[in-house]
Amino acid sequence: MQENNKRRIYADNAATTPVLPEVVEAMLPIFYDNWGNPSSLHEEGRRAARTLETARATAAGVLGCQPEELYFTSCGTESDNWAIKGAAYAAKGRRNKIITSKIEHHAVLSTCEALEKEGFEVKYIGVDQDGLLDLDELRREVDDKTAIVAIILANNEIGTIQPISEIAEIAHKAGALCFTDAVQAVGSIPVDAKELGVDMLSLSGHKFGAPKGIGALYIKKGVRIKNLIDGGGHERGRRSGTENLPYIVGLARALEIAQERMGDMRRVAALRDRLIEGLLSIPHSRLNGHPTKRLPGNVNVSFEYVEGESMVLWLDKMGIAASTGSACSSKSLDPSHVLLAIGLPVEMAHGSLRFSLSHANTEEDVEYIIAATREVVEKLRRMSPIYPGA
Amino acid sequence: MVYSEKVMDHFMNPRNVGEIPDADGVGTVGNPKCGDIMKMFIKVNDKGIIEDVKFKTFGCGAAIATSSMATELVKGKSIEEALKLTNAAVVEALEGLPPVKIHCSVLAEEAIKAAIADYYKRRGIEMNFTLSEHSCCERECDRKK
Amino acid sequence: MQENNKRRIYADNAATTPVLPEVVEAMLPIFYDNWGNPSSLHEEGRRAARTLETARATAAGVLGCQPEELYFTSCGTESDNWAIKGAAYAAKGRRNKIITSKIEHHAVLSTCEALEKEGFEVKYIGVDQDGLLDLDELRREVDDKTAIVAIILANNEIGTIQPISEIAEIAHKAGALCFTDAVQAVGSIPVDAKELGVDMLSLSGHKFGAPKGIGALYIKKGVRIKNLIDGGGHERGRRSGTENLPYIVGLARALEIAQERMGDMRRVAALRDRLIEGLLSIPHSRLNGHPTKRLPGNVNVSFEYVEGESMVLWLDKMGIAASTGSACSSKSLDPSHVLLAIGLPVEMAHGSLRFSLSHANTEEDVEYIIAATREVVEKLRRMSPIYPGA
Amino acid sequence: MVYSEKVMDHFMNPRNVGEIPDADGVGTVGNPKCGDIMKMFIKVNDKGIIEDVKFKTFGCGAAIATSSMATELVKGKSIEEALKLTNAAVVEALEGLPPVKIHCSVLAEEAIKAAIADYYKRRGIEMNFTLSEHSCCERECDRKK
């Protein structure tokens, strides 16, 4: 991967994960051999159709839902768009309000903003300093005009995990649908659609070892939403487009593997805690996100007097892949809306680093990250005109 | 968003980092809220030549690289020549910048000018140029349409 | 592929094509090695971003457009939805009319029907007995209330190729946008977006050797349409979702290969013509689609007194993969809307077969298909209560 | 859409295909416009037992398979027993049918009934059952919601 043979630590698993070799292995026979169109009547098609339904059943088993409740999409973003736009358009005229949070992924936020422009009322619920949703505000806002409550299960930047069952109950009391963006959660923590009690749940393969470009939306039996993509009637008439069988098989395989390895997440959480401890030993730093209710791999720390991008670039040079926040924000200069929502001053929001660990990381990785980050922060502070220590 | 090799070189090995304790002019532009601040120090000899220049910058890779390049471009130049420095020249010398990072080059140009303005002020010379009134954040918003 | 080692002829390339080994080869290093998120700042991300833009440039080169005019999507269906809904919503209030044809793919038809339900006026232009659009009707219908004219470049069932440049001119005269569904055309005939003069053009990888689950939409510089999928701002803010780099690379590679092999399409067209001749030697048969203005691989013939599905199943048993029409219609029992649009009686529409040939087919394949089809038609006619010969 | 092995067997090797020239009852249901027509021939002995049954069908795989299975299910049965044949029994005997193909089993049931109705009519026996008035196409539309 690197030009030279230097140490390389990938600690940006929230942005994307390497495709698991087992997943590539599961996909290869589909590429080479089982490339039929599942809608075709002939043997090539029937074989593909059987493989498709086997994969759907496997995935549904891991997610705790019926195979008929699982719809494959092209990514987490599509799932988020479909769930929210689909619910909003289905309720148009009757229920015109959408409730979400201030710490959603852009796939949800931009969707809500688009609906706002079309005339829907959108309410963005706040969070406390740890990133937990303000349930009182939610209770006050959910009413009989609310079409959907869309809350992220585990935040992609700060890792905070929300009490989704409770949120779903609040939504349901008012007759509203409850959707959760579980893109960061699936693969990292056990996610059971039925137990959570939500009506819809989105996930994306590339966050747990499947490739980028495959996602799914769980839609509880009986829940009616509008289609986002109309056409030939694939996915039981709800998401058209010839099915991406290799990736669907890959996603199912990756889910199985994630389930098998869920026990190992305790080790990952221990690495996370050691990393947090080490980073907080650097002066003028603070942890972002909930101290315990957080994803096992997520570490988000702000360092005063330095800026995030330059830290990421230096860490990269030192062999560590990390990020300033969500990957997509690499194109934006605005400070993270999530960090602002938890009350971080703008200056501090500019100086935050996210490490997201996986099974593949080791204790040595963590110690190296701590040492490297300390070096980088010191180096950048030395050239910072606002660092009082200088 | 991909930086050119030149940008990466100036980011990783910034030229002229530091402070000049007895500087003849010091200029600071930017705002920590916007994610970048540049502070420039110039030492001007009696022929009006910028003999030395140093900077300190809080900011992204492009902020550091443009600061570094701007100092290189004005070092050894006369004040008049230094005033002709444009952000485009900084961008060109760096072999390009991603569109969202162009504002850093503007900031670097302004930091040089702010240091010169300070030098003029200290000498009681009237300024024949104006400093931008925009904060970096406003520029940001201007750029987005 | 088959349980036994019997001869197997794949003649359903309009439904989907096998993934080319060269394409799998191009994708493998991306799966194994270049799996970074193109939005990430670090080396893994930057490397992926470079690969993404190289692939985009390659694809754009083949399609005769600028790289910035090409947007990757998850399939042909998504591209069709995006183009039409995007244009309709962008023009809402000013231009409320959508013009399409009676022989569009369901990805276009169902999209138009959905928009009709939302209050847009949709006009379905008819075709002549060969499937060519009624340009006079089009001229009469296009007006200053028309947002978009959406016409399929080459039909998926009968292969008829439309005079799209002329259609685009008619649309533009009235200030309407022109979109063409080129899903069946790209890879089979030269398609140059600029030369065609359209504003938008859709394509799908799996019709020319890339996998199912990747498509693209060409959007001419300056053409503004609404987003279908909002989010993190990928694809220059117009199609969010982490990019499916392996398939994008595969699509670009497949386009290159299709271009290299375009010369061989003359041979495919000769096979097509021989197949048509052979099938028409079976009594009570007729060719559907234009005799010459048709895709080089497309053969569509109706046989009286027999039903399509049972022919397909028998041919499958005899080692031939064919279809009754569009693959997705395998789930529907309605006779093909395309065959009805060219004036075929319903009974005949039920008895049609589509063979779609590719480079991989040979003269022997064609002779075998002719002989097998004759046998199947005779067998089924013998048990048909309406066959007068019995 | 995947057919069970049993369906494929009855499609590929349909039982009782053909005509009975001196049939005691002949029934035709369906419509070529709908894509399927079934014609059933029955030979009934003086004990009221269906001694022989044959069919000819124009239609899809399921139409042929359900015709074949329906003939098998009534062959050797009394008229009374044959009248108890339901489309569900045909589906079950075929080990299932895809949802869009259930109408074929209805058609097969009706084809048997139509042949029996014809047999009753020829004998001047009053019918104790009714034939469906729906055409297949209407049934189609009913099924879609």
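Per-chain residue numbering starts at 1, and chain names A, B, C and D are given in the order in which the chains are listed.
Throughout what follows, a residue touches a chain if its C-beta (ideal position, glycine included) is under 8 Å from a C-beta of that chain, and two chains touch if they have at least 3 such contacts.
What you are looking at is a predicted structure, and each value in this text was computed from that prediction instead of being measured.
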| item | value |
| --- | --- |
| Whole-Å gap between the CA centroids of chain A and chain D | 54 |
| For chain B paired with chain D, centre-to-centre distance based on mean C-alpha positions, whole Å | 88 |
| Distance from the mean Cα position of chain C to that of chain A, given in whole angstrom | 34 |
| Rounded Å distance between chain C and chain D, as computed from the means of their C-alpha atoms | 39 |
| Touching two or more other chains - residue numbers and ranges from chain A | 39, 41, 309, 313, 330-332 |
| Contacts with two or more other chains, residues of chain D listed in rising order | 1 |
| Overall pattern in which the protein chains touch one another (line/ring/star/complete/other) | other |
| Touching pairs - complete list by chain label | A-B, A-C, A-D, B-C, C-D |
| Interface residues, chain A side, partner chain D - complex | 39, 41, 46, 49-50 |
| Complex interface listing, chain C residues touching chain A | 1-2, 10, 12, 15-19, 21, 24, 27-28, 31-33, 35-37, 39-45, 73-78, 80-81, 105-107, 110-111, 113-114, 204, 206, 211-214, 227-234, 240-247, 309, 312-313, 315-316, 320-324, 326-332 |
| Complex contacts: residues of chain C adjacent to chain D | 305-310, 313-314, 317, 330-335, 346-347, 350, 383-387, 390 |
| Residue ranges of chain B in contact with chain C within the complex | 1-2 |
| Complex contacts: residues of chain D adjacent to chain C | 1, 8, 11-12, 14, 17-18, 28, 32-33, 35-39, 56-61, 63-64, 100, 103, 140 |
